[in-house]
Amino acid sequence: MALKELFERDWQELESGGVLFSSLEKLVAWGRSNSLWPATFGLACCAIEMMGSTDGRNDLARFGSEVFRASPRQADVMIVAGRLSKKMAPVMRRVYDQMPDPKWVISMGACASSGGMFNNYAVVQNVDSVVPVDIFVPGCPPRPEALIYAVMQLQKKVRGEAFDNYGTQLPMVDAWTR
Amino acid sequence: MTTTLDPRRDPLTPQFADWLAELGVQPDDSAEPTALVPAGDLLRVAALLKADGFMLLDSVGLDYSQYTEKKPARFCVLHNVFHPHDHRRLFLRVYVPDSVDGSGGELPTLYPVWKSANYLEREVYDLMGVVFSGHPDLRKVLTPDDLEGHPLRKDFPVGETPTLFRDGRFLDPATFRAGMNGQSAGLSGYKGGQRRGEMNEPLPPVMPEGGPK
Amino acid sequence: MTDLRDRPITPVSLPEPTLTKPSLLHTEIMSLNVGPQHPSTHGVLRLVVDMDGEYVVKVVPHMGYLHTGFEKTFEARTYQQGVTYAPRTDYLHSFSHELAYVLSVEKLLSADLPERATTIRVILHELGRIHSHLVFFGTALMDLGAITLFFYCFREKEEVQNLFEDICGYRMNQGYFRVGGLSKDAPEGWAARVQKFVDTFDKHVDEYATMFQKNPIFLDRATGVGVISSELALDLGLTGPNLRASGVPLDQRKATPYCGYETYDFDVPTSTDGDSLARFNVRLQEFRESAKIIRQALARLKPGPVKDPNRKISLPPREELETSMEAVIHHFKLVTEGFHPPVGEVYVPTESARGEVGYYIVSDGGSMPYRVKIRAPSFVNLQALEYACVGGQFADLITVLATVDPVLGDVDR
């Protein structure tokens, strides 16, 4: 189809012919949501299930998130998998700061979300007090399926299809965000 | 199966007593094969055991300050030595001579005898505050550098720490537990079959900004 | 049945240092920081490496980035609650810590274990060892750049985790053992599923072996790398496969038998090389030995109770609560307060996939332990790093770290 034709024809006619119209924002968000590259931030037991989610049976690659990047500069989402000790907290903040925008955080496991069973002097009681968390995954450890579901929820959030507790739709991230 | 275990593994046998007499130490009244070693004697006994082929597996720091039985000193270090060939195990119980200011005493290091004492003693130092004189590299090993105190001492609190939320609220463990018995709304907002549903209801009691006083 | 005492230590000695560098070149020592967030450190270990060009001069590990305060937390929980904490230290072979903990408490209480509980414990202990070694092979080879084995190992790992899930509902960190037995009996058909798994497992082990034993790239990176002499290994207090790869036949399952291990027929594989390849091979053979033990244990699995009948230790069965007042009182006491073991100090060594695990438990007669000290094998094994890497290249450091196989949860506790 020539470009001239594209401008002359009616858009409904075009859509029935297989051409889709979208805003650039939506297109970018769709692209982003299907290639959420996690930064490896395996801390404790949950990290084993995080590794398990990439294996042949669970195959996180189906959702475009199998590329675990060791360098935070190449990652979009940080999966905090495991208990965060007070000694590690500054390191984690630093890794988070090194990630380029837009970035998201999944807090995986009871320990990361609330300190879990370790309510003591050594463990940060809530990862949310160190970095802003988008998705909390419950479980000790959460099954790989739970992590995959969390990634899917995050994809919704990226695409602007998520709602908060009060039913307000959350906006998607601006396409021109760095 | 006809193999017999070495009789010296059992603290109740006469062979065990003979062995300890050979080493020149007193047996300790314990279920595990334990020898009571005076701090000044530790290096000599360790060197004997090392020459015998023993390896150092573990060092246990103990704080007896709140123990039911009276012990000769507040701190005690147990060195767990093991013979890899005839499988004898011996715990060397060393009471740490109480220091004057109560800051934990001093023991000679076992590093010249066994290299494995390096980390093990660092751990005891870090968590219990027992100083090992002559240790080449006595630093904190597990706890963060800014943590003051020695967590495994009995006067160190377990430290149920309040959880800080993003909006600056703290979740205090006591308040949280109060909500579980149904007497008060607590933090879950659940009280006796009613549920806090409306958004404009006052927030549950939480700690003031800045954490617990 | 061989006695380990009949087997001599085959000494492993260090090779001549091969460090050669052109003397004309002016070099400077450079410090390199590896971790704590680094894919090859198996978690959150931080290494400060002093390097002279490509050669490692000194390695200083910094631990504690996963310090969780286990030992302090144990002091504020009842003995039975502690079972939930123990597996979370070494999360790869979680049953080893669980077993060491319950065995120590049972020794304190002089509990009387039924036969079936012990046998199921042995099966799970060995399945856990298989699980841990599977993760070792997957991740260690991934660190060396061979990613394929990861998928093969994790295929079987999922199978093992399914077996765990079948018996107690948890894939990891089970908390299934109880002081005085097991939390509940194995479901029907579980033994058959385990049997099916171990029957096919030997074939898979051969599969893994083909994937790295003839691979020239792997052999180049592992042969003769990171040699730990037997003398050094004993001096450093190494245990487990790392020690056996250095030629010392020491295995607590035979040395200080627990859970009736003296009645099982199995071998303790050792190697006389002491290098990284030897550590791979020893673990590979342990797969087969574990499968052998599981097969024997399955053959003797008889129906029966899985809990100590002593009502002062284990919970009464659910049916009894409706008919017997006494059972209700026992139940209430056990759940709210727990039992009170006598005053004393105990230690039971067990052999995990990493070495000797033992819990030194001091009881003051209360319902919570006075002090729990975990003998963590990874923590002690890690000291080998400072010695085995020196003089090698930086890439060898990754090999040595991978084959020493520390679990950071076990190191930092």
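In order of appearance the chains are A, B and C, and numbering begins at 1 in each one.
Keep in mind that, in the parts below, a residue touches a chain if its C-beta (ideal position, glycine included) is under 8 Å from a C-beta of that chain, and two chains touch if they have at least 3 such contacts.
Since the model is a prediction, treat every value here as computed from it, not as a measurement.
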Graph class of chain-chain contacts, one of line, ring, star, complete, other: complete
Pair exhibiting more inter-chain C-beta contacts, A-C or A-B: A-C
Averaged-CA centre spacing for the pair chain C and chain B, given as whole angstrom: 21
Euclidean distance of C-alpha centroids - chain A vs chain C, Å: 33
Approximate Å spacing (C-alpha centroids) for the pair chain A, chain B: 40
Residues within chain A bordering two or more other chains: 85, 87, 120-122
Chain C residues counted as touching two or more neighbouring chains: 64, 67, 69, 72-73, 76, 412
Residues of chain B engaged with two or more neighbouring chains: 143-144, 151, 156, 158
Contact footprint of chain C on chain A as seen in their complex: 40-45, 47-49, 51-52, 55-57, 68, 70, 72, 82-83, 85, 87-88, 91-92, 95, 117-118, 120-123, 140-141, 143
Interface residues, chain C side, partner chain A - complex: 36-39, 43-44, 64-69, 72-73, 76, 84-85, 88, 91-92, 135, 138-139, 150-151, 154-155, 157-158, 161, 171-173, 408-409, 412
Chain C contact footprint on chain B (complex, rising order): 1, 3, 9, 30-32, 34, 53, 55-58, 60-63, 66-69, 78, 80, 82, 84-87, 89, 91, 114-116, 118-120, 123, 127, 140-144, 151-152, 156, 158
Residue ranges of chain C in contact with chain B within the complex: 1, 3-5, 9, 63-64, 67, 69, 71-73, 75-76, 107, 232, 234-237, 239, 243, 248, 250, 255-256, 262-263, 343-347, 349, 356, 358, 360, 362, 364-365, 370-371, 373, 375, 379-380, 382-383, 412-413
Complex contact set, residues of chain B against chain A: 143-144, 147, 151, 156-166, 171, 173, 199
